[in-house]
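These are the structures, in structure tokens.
Below are two complexes that have subunit A in common, paired first with subunit B and then with subunit C.
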Partner chain A sequence: MTETDQEKLTWTHKHLLGLKDLTRREIEFLLDTARGFEEISTRSIKKAPTLRGKVVVNLFFEDSTRTRTSFTLAANRLSADVVEFTKKSSSVSKGETLIDTARNLEAMGIDIVVIRHNAGGAAKLLSRHINACIINAGDGYNEHPTQALLDVYTIRQVRGSLEGLKIGIVGDIAHSRVARSNIWAMTKLGAEVTLIGPPTLMPAKVNELPVRVSYSLDAVIQELDVINMLRIQFERLGGNPFPSVREYSHFFGLTVERVARAKPDLVVMHPGPINRGVEIESEVADGANSVILRQVANGLAVRMAVLFLVSQGVAEQSKER
Partner chain B sequence: MPMVEKTLIKNGRLIDPANKVDGKADVLIVGDKIASVGVVDAPDAQVIDAAGKLVVPGLIDLHVHFREPGDEEEETIASGSAAAVAGGYTSVVCMPNTDPPIDEATGVEFIHRMGRQARKTFVYVMGAVTKNRQGVELSEMGLMAQAGAVGYTDDGDGVQDAAVMLRALKYAGMLDRVVAQHCQDQSLGGRGVMNAGYNSTILGLPGIDPLAEEMMLWRDVQLVRKTGSRYHAQHISTAGGVKIIREAKQMGLPVTCEVSPHHLLLTDDAIVEYDTNYKVNPPLRTRADVEALRQAIREGLVDALATDHAPHLQSEKELEFLTAPFGIASLECALGLYVKALIEPRVVDWPALISMLTYRPARVIDVPKGTLGPGDRADVTIIDPGAEYVIDADAFFSKSRNCPYHGWRVKGRVEKTFVAGELRFSAD
Partner chain C sequence: MKVIMDAQAISRSLDDLTERIAATLPDGTDFAVIGIRSRGEVLAQRLAGTLAQRLGRTFPCGTLDITLYRDDLNEPKGKGQPQVRTTEIVFDINDKIIILIDDVLYTGRSARAAMDALIDLGRPKAIRLAVLIDRGHHELPIQADFQGRSIDVGPEETVRVRLTEMDGTDQVIVE
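Coming up: the complex of A and B.
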């Protein structure tokens, strides 16, 4: 079997809605594909003709800097045309519904929709109603698959493989789409995931997930190979699930002192944007263990791979018909 | 003098649980009343052969949303009433969470008038417990009672403030009317859109903790203990809720409850594709809750089966799961659903099922309905218990199609529905 045959066998999805339903093989294939795209960013002319003539819409109903820019750049490097669509409010009782917005965009002839939305399931909803490829760039606190892909991509880059690694995810698990996508990707790739945070930031029935749970960062910090510090999403917290920022930082912040007690090669990650001094101290974020900027750089290759593969997925599906 | 209409329903299996009747018997309807029951001959009557069919008191649904006034594009009292008789219902109780809400006597009179005009099912209404359903000040409960309101509820929301609920129970006690509650503590259930559990966690949707129901129900039972007023827990959905009802009944308190078909048939596993037709409040729970509710029915703890028929526009149900409205439309297929949930798995037999659809709900709202003795009002439903059919939401008389049972194959078809002696629905 040639390598191209194998590729065709391995990727048949028209959408990337989440990682929960992908197999280990599919995730690995995606990461391997991303690796091939990494090289483009090192060229003097940072462009490949892969998606020439295709139109990508960035349909963002929530604020985003990193993810949106990363998708735009990724699409540009593959020579696609990119349309930016921002809508602050997703309040649907007034104005156009999500489906109507998407149908209108589709009428203009688009190929790929990159959607970010405050409602879990929004990407899936779109995929049921329009024909374009849908890439989930974050839906409520359901999934943020490209973030998790770039996270595991970065871990593979640094540590070779995730098999057997002990990974801690710290913070607001309940309201985090990054945590959910991370859990699916990391456990499928063989890592052992521990969720760390106060019980007030854990989702219902967390013990039924394929993870361990710890309420004490200090109790588990020494055993971790990788630590992913989630941002405290002040905008999503209802009430006050912890008494104060000071108290949160005291128990769950990644400090220089805590890193000193960890394995020397602890990989420190953060999906950004960072609340310096809240979940992570500046010295740690900018320190030798941190791969935070590398994550951002890798996001580009991963998103190029995703854009490329979903458009291939369409070709695969139409061939089957 | 005009001819009095006579109809003789012959050879059916008459199930009239209030009178402990279950057996072959003829029913003679003269005018709007039952004239006689047993072996009857009436040469001048129009004869309906009901061999192999069940002849039962007209069904009563304590919980429907007919959306009028305010949301007539979703349902009207006319369209809802047509759906009701197609479902075998000769009496329904409209919920007051319309726009504006039914919180004073003219609203009650309006619902009655529209019901009479529709000339299908008998339309009752509950008034709001509090003005504008705000949970703060009592509505004009007495004036609404005089206008014919059969009880009070802020359904859609529970009365959050314990002192307000205490006052409502005391006042309703004076009026000898029932207070019905949508048990959900907002401080626990607030922003949720589905059951809080494993599925809400993996779908990333905010959950409604089962405790939200249990806490309010438990609180209300204590208030009933203090007041002795009649209290009805609407659409109980949790195993914990069942336990509280069981204890309240063991204490001999005037507490009744209802269960809805979706809580007997569906679990939150159904939401995995974010299908908003499964978004309902109280939310679909777990298999263990379904089993507990069926067990409660087996024990006779459940007074009424009530659809919570909640029609919504397709365009609204096409919204994100987070923002789509709560509700399932099921009025005209309810009987088949109850058969699937309760008869087929042998949870109860037909007489027990019919009792929860007739005289027991009638007692909750204290109306003289749900029985088929001589002199009773001739509300009669004829059911073919063996007839199988496929639920087709597109064929509903209801204006809405938000029905997760579309395409289900069920048994138990409503053949004919008589209201006050008049044939108001016939399947052929």
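Coming up: the complex of A and C.
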């Protein structure tokens, strides 16, 4: 990457709502920017003054370990102040609406809202009603952009580029915002994506997505370069999408035996949390092909870059005025 | 546009800087050369080459990206959007003398940012600033320890250092 290549792009977005609306160039720019943040986490003083004086609020209406901690750490490492908000201990339990909650927080002078919500479109809705930067940390079944960014960042790190790679996303696609953001990011960066799982876990209108669909993991495992295993979202399942968990793992679990039939350099990914023994065997999750913990580590650099870029987007927009 | 240094002048200036820097580094001095992205990086590579030859020894060389330490990140006026690149300093800077290299010293704000960035990486024994051009009009109490050439250029003009590795030619222009 030469300097002039990078300089062509000016980041103008003050929100990160999803990857569907970003261009390939913008995604690549964001990933290139994230490289510059990796080094901060390797120092003895894990801090840069970049967002000093900014306030970030983590507005989480759903449970989260990784994403929330990762955003908190990312903001801390850039010297921003972080306010943690949880549904249980807030006035939401007294009947306050999302927009009212956010407006009240904004009145206290926050700059960036990181929101996770069980309704698709919540982040977008918020961006229309308040002035702060909005970062979508997962909205319903819609998108989870920072997860997909760290996924493609990790693939680029391991394989150099996504161009021409065959990537399988396995499991509960229907309930997965991670899958949706992955599809946009990976296909924009030139990969071929195959969704793999039982028909009952495929999303509606899957034929409108830029992907192939396979109902058999065994039929496609040999051709994959990267496999992203998703958790069955039991908390969101209605009805009986498969006869039993055992049967599901029998057909769609990533076992040592299946990995042995795949390409030797297959990259095994999982967005977490893992259900060991269900969608992935422990030996595979902890094995040589797995980049699962690397994904988590990369999440920090990617989220620092996102926090930085949305604030740059604000500066850029105020320049235009 | 006025060319104030051509390739030959730049080369002479770098040789001269090499001599003066070398004179401050007696045998056994633990030091490293670090260039500020982007043109400082190129100059640092050249100076590291000539210094290694002159001193007959090797030493670590790194690159510093100061974007995260700039004091104008929230000031929309001014030039284009700053781009974050990587800092590549893979050695321990503790107790080393750091020769910090940039192309132009003007307001002193880049040097300030670079010093803050370095100090977050460790505690060097000393930081010495070497620049190809000192154009005066500093806004912070920062001076170069070594400068190739001092000129007086007002804020209405721009000094550009062009280097073969990045720009295809070696020259310094004022426009």
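We take it that the second predicted complex is superposed on the first by the 305 of 321 C-alpha atoms of A that agree within 3 Å, B and C clash if a C-alpha of one lies under 4 Å from a C-alpha of the other, contacts with A are read in each partner's own complex, and residues count from 1 in each chain.
By our rule, a residue touches a chain if its C-beta (ideal position, glycine included) is under 8 Å from a C-beta of that chain, and two chains touch if they have at least 3 such contacts.
Values in this document were obtained by computation on a predicted structure and should not be read as measured data.
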Discussion item. In the overlaid three-chain picture, which partner chain does A:V296 touch, first (subunit B) or second (subunit C), both, or neither?
Written reply: neither
Discussion item. Once chain A of both complexes is superposed, is A:V158 in touch with subunit B (first), subunit C (second), both, or neither?
Written reply: neither
Discussion item. If we overlay the two complexes on their shared chain A, which of subunit B and subunit C does A:A305 touch? Say first, second, both or neither.
Written reply: second
Fill in: First, second, both or neither for A:A119, with subunit B first and subunit C second
first
Discussion item. A:A48 in the overlay: touching subunit B, subunit C, both, or neither? Say first, second, both or neither.
Written reply: second
Item to complete: Classify the contacts of A:R177 with the two partner chains as first (subunit B alone), second (subunit C alone), both, or neither.
Response: first
Response to the item:
subunit A residues where the subunit B and subunit C footprints coincide none
Fill in: Residues of subunit C defined as touching subunit A within the complex
38, 65, 67-69, 73-77, 80-87, 116-117, 120-122, 166
Worksheet item: Inside the complex, what are the residues of subunit A that reach subunit B?
Response: 20, 90-93, 97-99, 117-122, 124-125, 129, 139-143, 177, 180, 203-206, 208-209, 238
Practice prompt. Mind listing the subunit A positions that touch subunit C in their complex?
Written response: 3, 6-7, 10-11, 33, 35-40, 43-45, 47-50, 78, 305, 308, 311-312, 315-316, 318-319
Discussion item. List the residues on subunit B that touch subunit A in their complex, please.
Written reply: 190-191, 196-198, 200-205, 207, 209, 273-274, 315, 318-323
